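Two complexes, one shared chain (chain A), two partners (chain B, chain C).
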Partner chain A sequence: MNAARVDWVVAEPVIASIAADAASRTPGVLRLQPGLAGLVGSVGRMARQRVRGLSSAPREGVTVELTDGAADIHLYLTLAGFAPAQQLAAAVQRAVAGAVHEDTGVVVRSVAITIIDIDTEDDELDQQGVR
Partner chain B sequence: MAVDQSRSGYQLDCGRSLEEVWARLDEVQAGHADEHELGCAHCSTARGSLLALREATAELRADRTEPSLDLVDRIMSAVRANVRRSGAMVELRTDEPGRVEVSEQAVAAVLRYAADAFDGVRARRCRVRTAGRAPDGATLIDVELAVAVRYAAYEPAVLDRLRERVQVACTSRLGLRLNQLELIVDDIYDV
Partner chain C sequence: MNRGEATDLILERLATVSGLRPAVPAIQRKSGALRWDLDSLAVDVDTELVEIRLVATELPLPPRLRAAGAEVAELLAESPYRDARIRLVVTDIDGAAITDTRRDRVL
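So, the complex of A and B:
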């Protein structure tokens, strides 16, 4: 018996969740930073999912555009003050591109990073003698 | 001489903190706005955002089946992020595909912090502007930094060392190149 042909498509929210996970695992990233629209969307989604008994992975602070089978990803981040921002941003770009491609097979065309905030009240600054 | 050393919360351009705007939402809604609140565009914009979010999240706050103790923090954080998103950005060089940028306010916070770490110096205002690109691709910035200096520590050598400190913070903490630094000593303290 011939196996049925299966086509599968990865939706943008899946890519966003994988990107969010990869970014937040990068040391020095304090959090993904949604704006007002992102937070309202996230709260609404949480409320709907609670009714249905679902709990999907967080993706606040990430936008994804899929065109011609490739993804353009944009992350909004708050970094810890001890982390060198430029190197950390590049590390996040690599981590996100690698994770999305590995987990979904989708080609990542670009990973843009906007550093919204850098937390200078982080305790590790004291430990490193920066303060 | 008094020196304002408060660094808590997020300050709007008018000088009021976002936390203050949040705390007075109900008062203003009830028609008890003070003179500043009646005429300030910054407070009005922040208040509009906070009210919209409070309304949007009312259902979740009222729901006791899931703790939402951090909801206010998340709202404040989102409003702060919106204020910063709407401001200018400084591009950081990267070899990876995709643009990297940092808000001018975040850059200013790091540089204020570096100055504050200096004994005898308290950072005040800090303004940052992009000033082009260095030959190696690094972004050049112009910085205007206002400080208060302890009277006993006030000497030109201190300002030279402070200049070095800011320059190092630009490069090592941010990956930016300092093009021009205007240091303004606008107060002294412990006279």
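So, the complex of A and C:
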């Protein structure tokens, strides 16, 4: 087989879902939520044609742009209380870049993070193990 | 081998690769004289490019895509499409693909 004949493309929604999962599992991250652009985009997403039999993995709160085969990822996060934001952001970046590359083979050029909110509910902090 | 036959054979081969399935639009199939296999909508075949649109149901993707590409290339090796580029496009991912994979992953 001539390997050069075969190539593949992993679409942005797939990368977004994997990134969303990696970020949401990072201790200190409560949830992802769309920014204003994401809210507008989600309307288009609902209108686009669905795939038969598919329950799409969640991807709200993540935007992905693929350029020259590399991904620029932007996540919109709500953090748990008083976790150090800089360290947390670095942990999210590592988790997302690692998961996306391992699961898709796509090189991650950048992971940008916008902190939408910080939630200081006591019970959520205890559950996260942050305090 | 015509386009229709190539499409059918490609779909058969891809069924042997776990973790990938054809990305078929969620349209309602109408009964009647013109029955057609909706899975074929995920495959475009011509002598320059064979494109297959897929949904991921398992991770990681690279070994699965390599296996799928190898299956299709082998299938087409003796066909009129032997020189076509083969492009696999993963358009979406099932939620179960992520939850099943992440069960034991430590971040």
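Please note the rule applied: the second predicted complex is superposed on the first by the 97 of 131 C-alpha atoms of A that agree within 3 Å, B and C clash if a C-alpha of one lies under 4 Å from a C-alpha of the other, contacts with A are read in each partner's own complex, and residues count from 1 in each chain.
Basically, contacts are C-beta pairs under 8 Å (C-beta built on N, C-alpha and C of every residue); 3 or more make two chains touch, one makes a residue touch a chain.
Note that the coordinates shown come from a computational prediction; the quantities given were computed from them, not determined experimentally.
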* To do: Have a look at where A:Ser110 lands relative to chain B and chain C in the superposition and call it first, second, both or neither.
  => first
* To do: Check the residue A:Pro34 against both partner chains and state whether it touches chain B (first), chain C (second), both, or neither.
  => first
* In the superposed arrangement, does A:Ile18 touch chain B (first), chain C (second), both or neither? -> second
* To do: Identify the partner contact of A:Val6: answer first if only chain B is touched, second if only chain C is, both if each is, neither if none is.
  => second
* Under the contact definition given at the top, report the residues of chain A touching chain B in one complex and chain C in the other. => 50
* **Residue numbers on chain A that touch chain C, as the complex places them** => 1-3, 5-11, 13-14, 17-18, 21-22, 25-27, 49-58, 91, 95, 99, 102-105
* Which residues, counting only chain A, touch chain B once they are in their complex? -> 33-36, 38-40, 43-44, 46-47, 50, 72-73, 76, 81, 84-87, 89-90, 93-94, 97, 108-118, 120, 125, 130-131
* **chain A-facing residues of chain C, complex** => 23-27, 38, 55-56, 59-62, 65-66, 69-70, 72-74, 77, 83-98, 101-102, 105, 107
* To do: Can you check the complex and tell me which residues of chain B touch chain A?
  => 49, 52-53, 56-57, 59-60, 63, 65-66, 74-75, 77-82, 84-85, 89, 92-103, 105-106, 109-110, 112-113, 117, 172-176
